[in-house]
Amino acid sequence: MCTSQHLSGLGLGTGKKARLYRILYQHGLRNGTALFLPYDQGLEHGPRDFFANPDAGDPRYILRLARQGTFNGIAIQIGLAEKFYWDFAGEVPLILKLNGKTDIPSDADALSPLHATVADAVRLGADAVGYTLYVGTPAQETDFTQYRRVRDDAQRFGMPLIVWAYPRGSAIEAKGGKDSFYAVDYAARVASELGADVVKVNFPHPEKRTAVKQQYDADFSSQQAIDAVVRSANRTLLLVSGGERAGDDAMLEKARQSMEAGATGLIFGRNVWQREYAESLRFAARLQEILTKYPRE
Amino acid sequence: MCTSQHLSGLGLGTGKKARLYRILYQHGLRNGTALFLPYDQGLEHGPRDFFANPDAGDPRYILRLARQGTFNGIAIQIGLAEKFYWDFAGEVPLILKLNGKTDIPSDADALSPLHATVADAVRLGADAVGYTLYVGTPAQETDFTQYRRVRDDAQRFGMPLIVWAYPRGSAIEAKGGKDSFYAVDYAARVASELGADVVKVNFPHPEKRTAVKQQYDADFSSQQAIDAVVRSANRTLLLVSGGERAGDDAMLEKARQSMEAGATGLIFGRNVWQREYAESLRFAARLQEILTKYPRE
Amino acid sequence: MCTSQHLSGLGLGTGKKARLYRILYQHGLRNGTALFLPYDQGLEHGPRDFFANPDAGDPRYILRLARQGTFNGIAIQIGLAEKFYWDFAGEVPLILKLNGKTDIPSDADALSPLHATVADAVRLGADAVGYTLYVGTPAQETDFTQYRRVRDDAQRFGMPLIVWAYPRGSAIEAKGGKDSFYAVDYAARVASELGADVVKVNFPHPEKRTAVKQQYDADFSSQQAIDAVVRSANRTLLLVSGGERAGDDAMLEKARQSMEAGATGLIFGRNVWQREYAESLRFAARLQEILTKYPRE
Amino acid sequence: MCTSQHLSGLGLGTGKKARLYRILYQHGLRNGTALFLPYDQGLEHGPRDFFANPDAGDPRYILRLARQGTFNGIAIQIGLAEKFYWDFAGEVPLILKLNGKTDIPSDADALSPLHATVADAVRLGADAVGYTLYVGTPAQETDFTQYRRVRDDAQRFGMPLIVWAYPRGSAIEAKGGKDSFYAVDYAARVASELGADVVKVNFPHPEKRTAVKQQYDADFSSQQAIDAVVRSANRTLLLVSGGERAGDDAMLEKARQSMEAGATGLIFGRNVWQREYAESLRFAARLQEILTKYPRE
Amino acid sequence: MCTSQHLSGLGLGTGKKARLYRILYQHGLRNGTALFLPYDQGLEHGPRDFFANPDAGDPRYILRLARQGTFNGIAIQIGLAEKFYWDFAGEVPLILKLNGKTDIPSDADALSPLHATVADAVRLGADAVGYTLYVGTPAQETDFTQYRRVRDDAQRFGMPLIVWAYPRGSAIEAKGGKDSFYAVDYAARVASELGADVVKVNFPHPEKRTAVKQQYDADFSSQQAIDAVVRSANRTLLLVSGGERAGDDAMLEKARQSMEAGATGLIFGRNVWQREYAESLRFAARLQEILTKYPRE
């Protein structure tokens, strides 16, 4: 009857467990997997991401999509949460994204500044907070410092912390790039070492081997790579992000391999809403078909 | 599709709306009504309340009952929440009771001291907090002072505030007693005036007229009385409490009249768990049968 | 009768709604549109801006103009607010500009430091605060950090927050410049994502296409551009700023297109007061004639 | 191999679990039971308690006794901890008693004021803190208020909280007295409801029935009474205190019944040290013989 | 009888003494020496360190190893401590590592940012905290500043402070490198001067003499070097770290010389767990054989 067996083994305090239970077992497929809708691209990339489907520029449209598509949560910035979440409060879990940046300046010293606090998330009834950590950035000192406060608040308030663990910055570019197996694997581990409850990573590319550390300079299949990444995250639940829109079959295969590896779920934005509404729902349903096969109980 | 129409008209901020939505539309009958299980009698009256059904002394037994009986929430003190809620985190909504007292000293100057904070409730993943306000007590200055801080924190954290509005103290005893129509009606209004999101009252007894204010010294049916009490509470949702165990038929009629009057739900403890487990579930089911007839959408 | 229908759909808390109601429905044309008088050029550009009409260097003169021209508000820095607003307190709404800078150093790493707080605005009876956010500046980390505190205070005090969303800095210069459609559209969205209640933008120039993101490298009319910008701002009310003095007819056409697109109003300074008093009033009246045609009810 | 099975089922956070593990499995019999040496009588009763064995007035003597007798911990006030514990730091666990009072004024409104904080306990390397709660005292408001801060700090620092749950005050005296089954049972439950990790109670006297609540006015054996008290404490570990010196056989029988009922251990002071050193050790050994038979694993 | 003679001569406050006593005399060989298991490589180097023995990527495996191998403590970051230590709480002492970094950006200005606080360590029941100080880094101002707060908190909470004293940064590289006798000796002294209770150093290499200060540009045996380093640390207990995996015999000789010099113990990670489980235990046992010969009493 109780479906939280899985959550009980993760070393979570009461509030984090309660909130993750809600997200994973009282929304979406209610089977311990998750399909999240990220919607912070308006800040990260600007409105250009909405040109493919102008309706998607309207936060209300996206929230309706999240509800109708029975997503497990929607990740948005404070401004949209303040002005749009009230209409849907409680119907779809809110993941308040706490930091973010524009892509206008260079990414060499990438850093994502805070715009909101865990206390804001509590006030708005959010069930989790999101933080972008740029693993390997030369600005890691500032990044880790502002992250520490977020982690501490999240612990104090019992709020699940989802880390967008993104390899980024000039040093990463010089060592295989941001989606090499080496970089993604390291990023997943960093999130786990630093106390993320959930980590969001890009799907690893084992074929990107130029200048990566020697251990990664070998033949790995993508299944082997994502298996290793899930292991590196250990008790930190893992989400695979969709990234830029790509072919549907490729995305579905990525999704399948991720779930096979033990991921908790998917966080797909542009691949979902950069198409017409009914099409978005259909694609979400296909992703959920995959999640159905991997209950986490 | 969206069932929160009702909540949208109550003047709630985002977090309170999200949390009440969870309680009222994602638990129990999911129709905007509520059946809560209060379990603070171990503190308020001592273990003697468990003699009728010794199993009920075990908080785990009660939490299991709340889950299996699909209650909309369970109201417990901080000690039990810290040690027992983890096992059920998220499965049944937690209402953290913030104050309480023993019944050993006299009730003449009744005051219920704080044992926990709204921040504790946030940390434990609670969906509401409970505060006992002794309306009319000679100690009302201290009571209101500590209440003010709770209300302020609840507002700041977006946490629904349920006020146990209990007429109490020597002055009340001299004016008709704690469950006269006069006293209950006044208590419901006080909760509403002071910012409760939900108020818990005893069922009013219009026949208790000795020394009540003149306006209440007339013939009112109990339906008229509870109608008036619900009106006095206005946008503050109203729960009727069961009180001491009494005959089932009387309780069910009380419940029916309350829902007819526009109450949001019931909060019945001893009447539920002072009997054997299967009997408790059966009685809860009969209460829910009534709630089914009064969806709040 | 109640004209705040429009405000009710914006996701505002009580205090912000009350103050915006005052600005939009109890001042100016009282029809939900706004004509603001910005007067922070003495800090931003220095007294050179007053050479065209030396009287305009006197804050008292400008406040009188704002009152007589029935502007919806005047935006000034703390120093002028402290010394001049008392005489007009309540007669014309005060928008306290919280940050600002000189134009003496280079704009490559543009950042506008704070000079005042939301608490100052409360103390002075202001109905809104203004913050200049340099979207895309390499100093975005510091900018976002000080902005976060302002947003948080504005939320806590129920004070409407108007963001001067200005693309600025070396990266913007390299990508089409500060008033390209791409830059203005992105800026409007950033303000909305980060919680501005009102955003002030420059009128977009779709013909500035050098090095802008691909989606903007196409033929757009200026009407199409401003339509898109208003949509990007979604529930954040949008003001179009006048910028440097230009031909009246061009300005009026800009104003008309903006209102047609759904903007809430205009914030014109130099175009208003860089001429003789009676002329200023006449020009303001012509702008208001346009606003009359676009009531927001 | 892992002996903490028992502790794992109590709903404890990491720090509290670590510290209780040390006390229960790395000291004394290392079998999950506990024998504590309380030594706060110098404050509570004055030096008169040392007349039977003047050596016992020397804290160093008592600490040596605690170490040589392999007690699981010693409970002392801040003054003795500051000046004497350094010599034995880590060798015998320290329970810092945070409040206390003299027995000079009347006990009618009994209240035990704070002398030290949980932060002091952390600084001194203590493994637990002790707090005397006078259950039923007319001063319960003040008592609960200062207790709340202690509980909150203990939670925040991961410090086990041992509550001396003592029925006391005029109302208790009027309802059967402080060691009636009714009073002790209620006290154990109050400690559990309010978040004690461990509760120290007097052995209940079911034969004291004058004016107790009706449910307790029946024939109970002392075994039945202590069984009920342990159940009332549920996940709060229970210690039985020795109280005034009494006959050894009576004490040992009390100890045996307590352990049989499921208590975690004993906290015996005067019965231990109000006799000559070697005799004290011998009596402690007899108590430990009993504890050996009730491993909690 | 009392084995803390050694600790009594170190000028420690009560809490630090109690906690070091636990580590040194109630765990491991219980003779005042220490064998620690460091496990922060997942953050410092990434998962590549686990390729030699993939099981070692699982924190639970490592904690089990620490317990079964009777290590005196395990050093981990906050994330692993939060999620994995509860299962082993109190069974093996926790050293919470407070700072750390990835090895992706350059080490020229090495700085290890804080991720956790001494208060976190208290809350988790840790017996010590670890801080990496990059002796000689150009970023030493920031390093010393954040270190100062840690030292201050450690003093206030009575928490032993273990400093990873690592010569690092461009200036060190230009003066003999990070494990020259010169650099290690200086690092040990810096830790002692700045208030470390325990210092962790690399084994000094007196043969690395290029560009070192003149006094170190002479023939020293490695025994002379480590003797000097222990003397430089004076009352700060000294641990020698294993570093990268090397030949077992070389490591054992290093260990022997260190203990001969007066070190308190060893902190060996990769040399222990980069091999199969039973092998790891066997190697740990060989290290403990050495420690047995150097009791510190």
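By written order: A, B, C, D and E. Residues from 1 in each chain.
The criterion applied here is as follows: a residue touches a chain if its C-beta (ideal position, glycine included) is under 8 Å from a C-beta of that chain, and two chains touch if they have at least 3 such contacts.
In this text the structure is predicted, and so the values were computed from the model without any measurement.
Over half of the residue-numbered contact pairs of A-B are shared by just one pair in A-C, B-D or D-E, which is D-E. Relative orientation of subunit C and subunit E, expressed as the C-alpha superposition rotation angle, is 140° to the nearest 5. A separation of 49 Å divides the Cα centre of subunit B from that of subunit C.
Distance between chain centres (mean CA atoms), subunit B to subunit E: 56 Å.
Distance between chain centres (mean CA atoms), subunit D to subunit E: 39 Å. Among the residues of subunit A, those in touch with two or more other chains are 13, 82, 86.
Every residue of subunit C that touches subunit A in the complex is listed here, in rising order: 10-12, 135-138, 140-141, 144-145, 147-148, 151-152, 155, 167, 169, 171-172, 175, 182, 185-186, 189-196, 213-216, 228, 231-232, 234-236.
Residues 40, 42-43, 46-48, 51, 54, 57-60, 77-80, 82-84, 86-87, 100-102, 104-106, 111, 113-117, 120, 142 of subunit A are the ones touching subunit C in the complex. For subunit A in complex with subunit B, the residues that touch the partner chain are 1-2, 4, 7, 13-22, 25-26, 67, 81-82, 85-86, 88-91, 94, 119, 122-125, 156-158.
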